[in-house]
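There are structures below to look over.
Each of the next two complexes has chain A plus one other chain: chain B in the first, chain C in the second.
Our next item is the complex of A and B:
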């Protein structure tokens, strides 16, 4: 870019800035204020400095929740991305079935998160749920309310069920943008199906796949409603992810100071990821990806 | 304002950030610049570099608090070095 950027246009976003100040900045400032103080209610606060941050950084509880969160995000990305690509590759490219499949694929994305949690909560129950009852009938001792591994599998499968179609739709959009000439050239060269995928489809999908990975990472990193409705963070703390732990701390125990410090650290991680997301996307745009 | 539970240190903290934002806004308006590509391979303006500096400083402070056990003000020294590096090379 040779032309200097004229930053004066930024003043036009002032009204939005005022709105955001009331909806986000002022509450965030309050959280920062809470994070360095202690309170026993009645709006009376005591200075605690960086004590809460120090406590949290050495608390096993937060690191465990962070660990579970990272494992969860890693697992669902490792499943949803290849599965989404696989589904997209097998979706019809044109004709009436293409539209039908697109609508079907969009359906899980339209269901509110708490409803998804409720669906799976009932689906997995051994007494009335189809999945739980079916597994029980097959002789598998499945109980997601008592067995941590079963709870994890259920939460992961629920997320895969809910969000794989997003990845598939993004990958499908990437595939649709590949001109036929590429496939014709591959055919002339007698390229195998794998080579067509590896050297034509995958590079052409790289941009949207990057967006899919970042979207899924961000979203899963902030996940709250679905596991909360399904398992409530249990059994024990087995599926207590960061946001569930934060809500427990802030609203369950009413520990405003530690919860504020916790949410600030959580916010910083989210901010970092959002920045990476934004940077990658704008750079892809510039490169014409 | 009492519900926001303000303290002097947090007031100074936000005041400093607000001043930085105002200074960089004035700079951006008075001296328009061309974005440049640095070691991260991404185009950055002064504002971007300020953001990277502030975000990095937050993590430096947390790491200092969690790992070193030394007095916190020393972390600010690392942050200043970080800021200089970001503005020079990013």
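Our next item is the complex of A and C:
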């Protein structure tokens, strides 16, 4: 669709621009400001150049948090995408059941993130939680507050529980757009179930799956509340992801300079992935229209 | 063959839904027990059903004010976000103008920005203008990600409305304002509903910013819940009841938006 050029449309965008500038640009400038200065307290600041960035790049703490973050995002995507597709293929196509299933599946997506943490905190406890009690009864020495591996598994399962439905719903939307004629043609050709999936369903879902991967990557990359409530980043630093580490640094220790440098690096990564996301989205639009 | 396949699908769905529902059921189970029962014995359903935990929350101001505060800033945020996003989304869906693509992309980066990056600057910004611990501060802070979200979702719905409708209305002598309110908004009413729902939801589920920007007067329920933890002798029953009550608003409206959930999360692009 070709749109007419109209520079007066700027007036329609102006309120958004003012509001987002106030809530994004001003704070971001503060961050930039802090990232190049140091202080001895009393609000006296002096120029520190790129010192904080150099510190950051050689800081083991940041690299460890980044490593944990990338592993976490990788693991949950590797689980949630195939599982989501599998669930979507098995969802009822129409009727009352389809609606009921949609509503039940959406439920975890709408639970406040801290409550998601609370739910799993309780669910996993050996004394009062079904999961913890069950595992304990099976003779597994399960304790997510002490054992780093158990903490990791619990955080991953929690995220799978929380977000797989989103992937499934997106994949489902992709499947719904496939005309029946495609399936009939496959039937005439006596294509196997796998071939139908590989050559009809998967290509048709490619666009939405790309969106799903990027959304899950972005959102898992800034995960804070759920692991914060569940494990508090522990045991030790085992589940301290980027956001948790940053909040500890900025609001816990009030290390303004390092936290600001950290924030900027973090933001650059986000910017990069946003750009990939945007390119994918606009390409999809072109193909669709 | 066909029935065998659908039976297999049913088994998969039942197992998956069981996995989703069990933790929520467990929270509900806990919320209906007394604390002595929770810590004293282990049972799959409440032995002596009690609503005492809910009564505690609904009668103790330090609990129920959390809900009032959350609802207050969430409602403000939804109104502001959708209000400013409507004209902007119209501009993006109908016209080309200088810098439109850059602006659209920049909005997206704000939706994707980690709240952790903004927590400290927001704290300082809103403290310096005297808005710390007010509802409007949290509402404005959440605009960071909700305004872009609303713009993208609304734009996704608006592009589905044929341009001929606008042109006909202008020829018929409608002013822009009258056309927008009387003709265009009813046409995309489902889009407005979906955008409002997602603004409501993302503001409702967010913890970090709302906790950082408030202390007493505007303390949200999410912060009330996390602050009671860690103290000796956590009141599990009340905590579980508080959790169940936070799920209620979403669960009430989910039926009406069930067909748009994927579209909303994908920013109007599916």
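Everything that follows uses one rule, which is that the second predicted complex is superposed on the first by the 273 of 289 C-alpha atoms of A that agree within 3 Å, B and C clash if a C-alpha of one lies under 4 Å from a C-alpha of the other, contacts with A are read in each partner's own complex, and residues count from 1 in each chain.
One rule holds in what follows: contacts are C-beta pairs under 8 Å (C-beta built on N, C-alpha and C of every residue); 3 or more make two chains touch, one makes a residue touch a chain.
The structure presented is a predicted model; accordingly, all values stated were derived computationally and were not measured.
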Touching partner for A:6 - first (chain B), second (chain C), both, neither: both
Touching partner for A:37 - first (chain B), second (chain C), both, neither: first
Touched partner set for A:26, first chain B, second chain C, both or neither: both
First, second, both or neither for A:140, with chain B first and chain C second: neither
Which superposed partner A:71 touches (first chain B, second chain C, both, neither): neither
Partner chain in contact with A:275 - chain B first, chain C second, else both or neither: both
Partner chain(s) touched by A:215 [first = chain B, second = chain C, both, neither]: second
Per-residue contact with chain A, leading partner among chain C and chain B: C
First (chain B), second (chain C), both or neither touched by A:286: first
Which of chain B and chain C A:57 touches, first, second, both or neither: first
Contacts on chain A seen with chain B and repeated with chain C across the two complexes: 1, 3-8, 10, 26, 30, 271, 275
Contact footprint of chain A on chain B as seen in their complex: 2-7, 9-10, 13-14, 25, 28-29, 32-35, 42-43, 45, 51-52, 55, 58-59, 62, 65-66, 72
Residues of chain A defined as touching chain C within the complex: 1, 3-10, 12-13, 15-17, 19-20, 22-24, 26-28, 30-31, 86-87, 89-92, 99, 101-115, 118-120, 122-123, 127-131, 133, 161, 165-166, 169-170, 172-174, 208, 211-212, 215, 218, 221-222, 224-225, 228-229, 242-244, 246-247, 250-251, 256, 259, 263, 266-267, 270-271, 273-275, 277-278, 281, 284-285
Parts of chain C lying in touch with chain A, wherever the complex brings them together: 8-9, 12-13, 16-17, 19-24, 26-27, 30, 38-39, 42, 44, 80, 83-85, 87-88, 90-92, 94-98, 100, 103-105, 107-110, 112-125, 140-141, 143-144, 147-148, 151, 159, 163, 201, 204-208, 212, 221-222, 225-226, 229, 236, 239-240, 243, 246-247, 250-251, 254-255, 258-259, 261-263, 265-267, 269-270
Contact set on chain A toward chain B in their complex: 1-8, 10, 26, 29-30, 32-34, 36-37, 39, 43, 45, 47, 50, 53-54, 57-58, 265, 268, 271-272, 275, 279, 283, 286
